[in-house]
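Both complexes shown next keep subunit A, but they swap its partner, so subunit B is in the first and subunit C is in the second.
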Partner chain A sequence: MANVTLDTVRKTYPNGYQAVQGADFQIRDGEFIVLVGPSGCGKSTLLRMIAGLEDITDGNILIDNTVVNDVDPARRDIAMVFQNYALYPHMSVRQNMAYGLKNQRMPKSEIADRIEEAARTLRLEDYLERKPGQLSGGQRQRVAMGRAIVRHPKVFLFDEPLSNLDAKLRTQLRAELKALHKRLEATFVYVTHDQVEAMSLADRIIIMSAGQVEQIGTPMDLYLRPASRFVADFIGSPAMNIVHGALADDQASVVLADGSALRLPLAVNAAAGTKVDVGVRPEHLEAVAPEAAQFQLTVDFVEQLGADTVVHGYQKGVENPLALRLTGIHALDAGEVLSLAASADHLHLFDSVSGQRLN
Partner chain B sequence: MTDVQSTMAPQSTQRRKPIKWRLIGDHAILIAGSLLMLLPVLMVLTTSSYDNVTIHKEGIQFLFGDQLVENYQQALFEKGGFTKTVDGARMLMNSLILGFGFAVGKIVISMMAAYAIVYFRFRFGTVAFWVIFTTLLLPLEVRILPSYEVVQSLGMLNSFSGLIIPLIASATGTFYFRQFFRSVPEELLEAARIDGAGPLKFFVDILVPLSQTMIAAMFIIMFVFGWNQYLWPTLMTTDESMFTLVRGIKQIMQVWIGANIPDYGLAMALAIIAMTPPVAIVIFFQSWFVKGLTESDK
Partner chain C sequence: MKRVQFSRPLFPYLLLVPQLSIILIFFYWPAAEAIRSSFYLEDPFGFSSTFVGFDNYHDAVTGSEYGNIAHFTLVFTGLVAFFSLSLALLLAAKADAVIRGAKSYRIFLMWVYAVAPPVAGLMGILLFDQSLGPLTQLAEFFGWDLRLGVNYWDTATAMIVISVWKQVPINFIFFLAGLQSIPRSVREAAIIDDPSSVSRFFSITFPLLAPTAFFLLIINITYALFDTFGVIDIVLKGEPGNNPITLVYKVFLDGFRGNDLGGSSAQSVILMVLVLILTVFQFRFMERRVHYS
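Here is the complex of A and B:
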């Protein structure tokens, strides 16, 4: 078990493309860290750099307080689980798990013990003599995890391990992963583009965009106080409502495109006239009396999901469509106008240009 | 097989359904095609069971004669040629050594070359590949004189190494293995690196087993290609004990001593013997090849 420290790690490809622009954070011992972001944000590159599969252009990576920049992947004491499983197709499940240990010249009896233990944990006992081709996707991914577990590594690295599975299996394996983490008490670094996976698995999330770390925090930190418009937009489904406008002279309201004002019951540290984006999550909007309303939502269409109802609509002066999430079942007609407001805690204000949080 | 089907089909259709002319037409074409391919071989086989006089007088025979065993015995075990030092079995052995050496050597060399080209980033790697690739355009005949000169001055005439080594570099093989290696997922290499497999271990433990099908396919092609080599062995070997079958058959036909009738039966028998190993190799490796294709998934 170990911590992992990234000290201003950069990755620039020979063609000049900067995949990672200065990642600087520490992963604590036994922590479940999820790296999340859209495709091409550099999260996989970062993981591969921790694994040693990718060279570091600049900075240092420390595992267990030792700089491992030039250490071979096999000697970093890490294990990695790949998206497409990367099992050796010609070897049985047992041989797949044993291969890395054999290369370490571990005694046969200990290899057998470790495989047995991992197989029990992952319920793979009946499949040990099969080839990967004879297993289902979920079983293959379990074997890939087994191959990682038998190594007893300091750090587990996961590169989108559940992306190739169907939704139901994904939920099931997600729970298994969480349980596995609890059982092993090991450091997990997990890459995904799926924010639900990130929210449900992580102790802390590192959210990345265009090679830069946008925010590091617990799932609830990211949900309740996103540091930038990007984070606000990425976390949560349906996505946060964003309204463009400019800060009015009184700094307590925002002037929308059509000249109407949106009241802001919060202190803002920005000059009047600053172009801002106001964000509010669909589930934080509440019905209020028309005179107290911040938003006048005209209903467009309704998604009834059973547990909750998502109302999609629009407002004059707001370019983006807006959404409202109500718990339970509600029947609403298109064209109906709803008066809505959110409490100060749930309003997020971002600078339009930099995207940084202003409140 | 086709014969049986075509005779069965009209009988059963007479009773129940109208005759499927289309089907009969298809079969007729297929049967004609296979006869066209098989008949010459069959005729060689049947003719090889007659004595030389009969063949000389009556030409090609369609039915088996009574000299089958004698002819094959003579072809395999009687010393022939000018020097009377080489028999068919010896030539068969020479051909087998050439075929196997040729195929195995080509596979080993081209796999290693492809491995270097695909998995290692070195200066001029791509250039090296294209240089190898362009040699595909040049047949052996183009470089045969310089090759002969080199082998001759190395003193490798009339030796198996002289027969095999100069032909071993294979652009075709390198190209096919390169294409195959490129289709192996990158993650396998990475998983192997994390599992502590160095370049050699990865090659031996992962890549070679994965290439089984490819190797089987290459083996078929290369063995047959090597077996059928004529020009190169003709240049390389002057000693009759080094003759290969393909070249030996011709030698037999050339032996006209006095008023002797050429050994037609013997030549036919040798031709059949020369045909058997490649056919056996194809049949054997084909099943392996198909098995590999259907079983493995990368």
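Here is the complex of A and C:
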């Protein structure tokens, strides 16, 4: 168990492509960190650099306060779980788990003990003599986790471990992973592109975009106070409504494309006339009297999900679509107009150009 | 399996005709002809033949030089297969690790495959030429007076070197393809599990290459037994003298130089049976140990 520190870590490929541009953060001992972002944002590269599978162009990586830049992956005391399991197809489950330990010259009795312990934890006792080809996807992923657990590593690295599984199995294994983390109390670094996985697993989320860290924080930090429009858009489903406009002269309202003024019950730290994006989550909009409305939503179509209803629509004269999430079942007709507003702490204001938060 | 129904029942057989006729004309017919003539003694002008039973087989096997030639063939086949497989594997493993300029390396290593065996033999002779050959000069540098076509061992060495050189590229292509079909993540998992690249090669890479290696082993043994004929013929210039020859070359010598069609047929039937046994043995006993994913 250990902390992991990234000190201005950069990765530039020989063709000049900058995969990671200055990652700078510390992962605390025993923390469950999720690296999340769209594909190509550099999250996997970052994980592979921690593992040592990818060279670091610049900066330092420290595991347990020791610089490991030039340490062989096998000697970093880490374990990695891959997206496509990466099991050795010619070895039985037992041999798969034993391989890394044998190479550490661990005594046979201890190897057997560790495999037994991992097999019990992951309910793999009955499959130890099977080859990976005889296992289902979920079982293979358990073996891959077992291969990591037996090493008792300082840091566990997961590279999209659940994305090859079907939705139901994914939910089940997600819960198992969370329980596993609780029991092992080890440092987990987990890469995913799925924001639901990130929100449900992480102690802290590191959200990345185009090789840069956008925000680091607890899932609720990211949900309630996204630092940029990118984070606001990425976290939450359905995605946050974003409406373009410009700050009015009184700096207390935003003029939208249709000429209407959206009152801002909050202080804004920008000059009048600044182009801004107003963000509000579909679940934070409430029906209000027409004179108190911030938005006039014309219903386009309705998604009935049972537990809640998602209304998709638009405001006349404004190009951005709007969504509204209502708890329970509601019958609404297309063309109906709803007057909606959100409270001050649920309104997010971003600079149109830089995408940075303004309030 | 799904059964496909053809409206005209003879149609599928018609589709098989080209393939079957090639096998029949070029394999079964000559094989049957060889078996038939191995029981006859034919007069040199081909006017008459006498049934002699197993006499041809008896004469072939008890002939004074047969044992020596069989022994040489065995050693030759073993060495050619071993060196062409291991050199190709070494080159493929190294080429696979190359990132910069990988394509030119691969083309450079593959092009020899396009050379026909007799041409390879000719080039080999030039390399081993008594006065000009760079390999002869290299041997001389190390104090080895290499005499192609004069010294039995020197000729054997040249035959093996040329045969291996000719076979390495095709093995290289297969090994490289096999190496590249090993998933990157499996190799990376091994990198994390095992710090030694040599140990990784033998415990992960090589077992995953086993199906390729097994296939190539059969191909290489067949190559060394039969397809090296062109190389040997060119090296010996058709005049073996007291130089080493393989069993296949002896079949040719006895049949077409010695005009002993019956004896030569008997020898080729013996070879056919040997290959049959070898193939059955390989598939029964070796394939079991091979992991097919």
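The working rule: the second predicted complex is superposed on the first by the 359 of 359 C-alpha atoms of A that agree within 3 Å, B and C clash if a C-alpha of one lies under 4 Å from a C-alpha of the other, contacts with A are read in each partner's own complex, and residues count from 1 in each chain.
The working rule: contacts are C-beta pairs under 8 Å (C-beta built on N, C-alpha and C of every residue); 3 or more make two chains touch, one makes a residue touch a chain.
It should be emphasised that the depicted structure is a prediction, and the values quoted were computed from it without experimental measurement.
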item: Simultaneous placement of subunit C and subunit B on subunit A, clash or fit; value: clash
item: Subunit B versus subunit C as contact partner of A:Y99, first or second or both or neither; value: both
item: Which of subunit B and subunit C A:A79 touches, first, second, both or neither; value: both
item: Shared contact residues on subunit A - subunit B and subunit C; value: 51-53, 72-75, 78-80, 82-84, 86-90, 99-100, 103, 133, 147
item: Of all residues in subunit C, those that touch subunit A in their complex; value: 183, 185-186, 188-196, 199, 203-204, 207-208, 210, 291, 293
item: In the complex with subunit C, residue positions of subunit A that touch it; value: 51-53, 72-75, 78-80, 82-90, 99-100, 103, 133, 147
item: Contact set on subunit B toward subunit A in their complex; value: 185, 187-188, 190-197, 201, 205-206, 209-210, 212, 295-298
item: Subunit A residues touching subunit B - in the complex, by the definition given at the top; value: 48, 51-53, 72-75, 78-80, 82-84, 86-90, 99-100, 103-104, 133, 147
